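Okay, so chain A shows up in both of these, paired with chain B first and chain C after.
Now for the complex of A and B:
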């Protein structure tokens, strides 16, 4: 292929894939006469309650990522390294939920959350989504990659299993933990259907639910909506640009585990 | 290996409890309720297969099933497009990393935001696409991208497509980098065209990656919800209503909610997802 043709294709794809995002950015930064302004951000932040949604999203994503790493790595440790009764059964159960789309269970899931008093609360978003089979499989693989001799010598030193998990195993799988954190950050930050179902009051909305609510209002201010959308993109885009390599390999590994 | 020092139970308990409560129990409940008549307000009554019988005789269900099936068209389109994009950016060239990074951006943002962005662009009168096309005199009156009965679902599918390209591009890039470059060099020496090399070298060697992409994108397509909800709410006249969306409106949109019925739809979605996974697996086996 000729160079100019390649360049043309590259630019056309850029317009198609990034153009819409730039258009939203432009919309958010201009007033109705086309002049540059930050007023839409101020309006979105205060009048459209974006500050609240952002806070909720940060809380939900932060808690989800941290709990996911802590709880799933605890679970994965004996699954990868200990031999105990019922291990195969557990593996089977994990695999079952892995293949079932969670969406088909949202009604009983909602029931459980109501009974536990979790409806219309951020915990109601975090707790059902912080533990999943994919993360556990991901970490089982990571633990299995550690040379067995390291565990044996730690046991000789008299460390308890919990101490081995914390002081030996966890530091050794740090790259995997970082990859998993990225996967869960992206999916939690983007989560929409479940928070839409479980959160009733707009003060509890995360960014995705809040912006969807804004976009559905008949009187929606499209400029505020654009500004809010940009705000919702900034954290993941910045994280992506800062950690590109880890980001991509993390997302791909997460998908391939399936 | 010794599990004597500490009972594995303490490791398994925290995540296991959440898993049982929020994954296993709802799964059991969803299967059970599909065979019950339940609307939250009165106790659940065993209904045997009544939900399924009603479902299979409801035009709205078949409409949603048809739309979900149509939605699967996204899958081969995505595989083909992202493969071409991957081939395009898989070259040594000044600034190529910039484009690779840029093409991945839609993957990173939430689907809801992608939906909002495209809704702003595609809306009937105020949308920038219609304005551009009209000022270029390509169309006389606005195209109803999101409110036209025949067009709406394709606009939503396009957003799924748009957001997926970068993701599958990266998978194909991983695959392309496993192909030794001397294969291409010797093809070049033999005077083979780029197209010939693509068909005879690239495609056969990338087959496992093509299948992976087909599996991932088809199992995502059968569960599509966010973009439908944001862009069309299943409209106009249910023309873009997919199975998950249909299930959602039965459980939460109708009054009183039709819980048992929604769970029965859920089981059908599961069967469809499982069928797709199985079909993909069989294709994969056949290829080996």
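Now for the complex of A and C:
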């Protein structure tokens, strides 16, 4: 009896979530008379320097994701599996950064980047976001899920901790890494304010920032803007589809571990 | 190792010889979202200026509008703001309030100052100084959809009573709206008060207790209650009003002539049946202008040079050239007197340009120097909604808004 009601609720939720996306897709694919066309995509591509922005976004996001997985797992490994003085304090401090909104750190971060000569460079976009508490927290959990005996036997075989990290631990948490890669990809891909603040030359803008050029102060072709937004979504969707299996098993793994 | 030594030596030599050259002045110039359409125009300006001033390098940075506040604030707090920055009146007022901008009244010479339209020049005034020179202006005219007005059997309104009559006719005959006024977002309701003669802000305090303010509030409440204006008008911004006009859901759009271009890009058939008319003046015979301005930061190491560059960008010839590229209005008399702003030859955009130029004579920046605009906006929006929804009377709503705003800005 309740089933149709639940289905209706789910349908409404679906419409709420997907409706706007479909609307953007529809707007981007139609001309003023409602006919199907790809002209908006061509127009957007030409109007804003989208190929350049896309390239920058791929570089920034690629580096961010790779560095994030490498550096955060290097930090998470000792946090999860080694015992040393000050470990709890260090981990506590790290988790505390969870509660500081990233925007609040913009000014000191900007200051540091300028002093390091990282302003107006893609590294200035990448480095501040390639280590974060969320990823480390997630990976500590993942490392803790590996049976301890595996590490003990690896140690008895004479492997160094770094080798254990690389040869034993990392391969075993592959699903978690895949899930984390997707999460980081999406958040890095959609960053707007920080790249805008740290970059000066528009040739270095990432796609999300560059798209704002599709709506100038004196002109705004809403159809081009819609087409640009769809282009910006495609890589995230493709990556998700490619890693979907890992993503879901990675999330579930984190959830079940007690 | 040898290689490294050579590189180090070369670097050392380069550093030493660099010291002998005369010190070059570097000016960083930020504009608001002018790329890519005006890239050539600005690059030419910069090149021309650098040619006339051999010791000066101008670095142009174009910033998307949606992030300018954050970017400027971050750079300011980190101690590395640009030298010259293009802002709007609200932003320059709030930056001036922080002491971040230089007083250009003191730096610029009298001849330069004299050429700016007085009303536009005054828009840069905040506290004791003038913290920005006006660049380009936009004033609202009435852009209308001839078809909807004809169907409703109405005429283009010249005052607010006529607008109400038209709104009734449009509603009854076509089921559409006459207009989607922007009374919820921004501080536009304050401008409506001022257009009718209320002195809303005196530089220190906001006064919403005038009979004019109450009458304006009652007018829009009546329009809202009668559903002559869409519900969106109390919460949405300019973009929504523009979209409704483009989708031909409203008959009239108050806006600058430059938006005709947007109309053409998005609905070419509407462009063909669009008309332009003088704006509706308030009871005080005034209407508002939007000023884009250029400020010099107080942290700039080269304030004089930066102010000189700001004056160069905004001088007569350069503004006239800009106005040829886009239907905006220049802020200097020497450019406005050009026949480009009086000739009737050309399509609706030229007609709109001439109307807007004529409007400038009766235009003022109605509210200047109001600080903390974003927070003031949300107070106004909340109290407007409370009045419209009958949660408060007009007098109560205005009184509580006034109290809240004054408490906020006196902090």
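Just so it is clear, the second predicted complex is superposed on the first by the 216 of 258 C-alpha atoms of A that agree within 3 Å, B and C clash if a C-alpha of one lies under 4 Å from a C-alpha of the other, contacts with A are read in each partner's own complex, and residues count from 1 in each chain.
Criterion: a residue touches a chain if its C-beta (ideal position, glycine included) is under 8 Å from a C-beta of that chain, and two chains touch if they have at least 3 such contacts.
It should be emphasised that the depicted structure is a prediction, and the values quoted were computed from it without experimental measurement.
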item: Chain B versus chain C as contact partner of A:18, first or second or both or neither; value: first
item: Which of chain B and chain C A:221 touches, first, second, both or neither; value: second
item: Chain B versus chain C, judged by how many residues of chain A each one touches; value: B
item: Partner chain in contact with A:192 - chain B first, chain C second, else both or neither; value: both
item: Partner chain(s) touched by A:201 [first = chain B, second = chain C, both, neither]; value: second
item: Touching partner for A:83 - first (chain B), second (chain C), both, neither; value: first
item: Partner chain(s) touched by A:48 [first = chain B, second = chain C, both, neither]; value: second
item: Contacts of A:213 with chain B and chain C, given as first, second, both or neither; value: second
item: Partner chain(s) touched by A:240 [first = chain B, second = chain C, both, neither]; value: first
item: Chain B and chain C contact sites that coincide on chain A, given as residue numbers; value: 103, 106-108, 111, 192-193, 196-197, 212, 222
item: Complex contacts: residues of chain A adjacent to chain B; value: 1, 6, 9-10, 13-14, 16-18, 20-21, 23-24, 27, 71-72, 74-75, 77-79, 81-84, 90, 93-94, 96-97, 99-109, 111-112, 116, 127-128, 130-133, 136, 151, 155, 160-162, 165, 186, 189-190, 192-193, 196-197, 207-208, 211-212, 215, 222, 225-226, 229, 232-233, 236-237, 240-241, 244, 247-248, 251-252, 255-256, 258
item: Complex contact set, residues of chain A against chain C; value: 32, 47-49, 103, 106-108, 110-111, 114, 192-193, 196-197, 200-202, 209, 212-213, 216-223
item: Complex interface listing, chain C residues touching chain A; value: 32-37, 59, 61-67, 70-71, 74-75, 77-80, 243, 258, 261-262, 265-269, 326-328
item: List of chain B residues in touch with chain A within their complex; value: 1-3, 5-6, 8, 10-12, 14-16, 18-19, 21-30, 33, 85, 88-89, 91, 93, 96, 99, 101-114, 116-121, 126, 128, 162, 165-167, 170-171, 174, 194, 212, 216, 222-223, 225-226, 229-230, 244, 247-248, 251-252, 259, 262-263, 266-267, 269-270, 273-274, 277
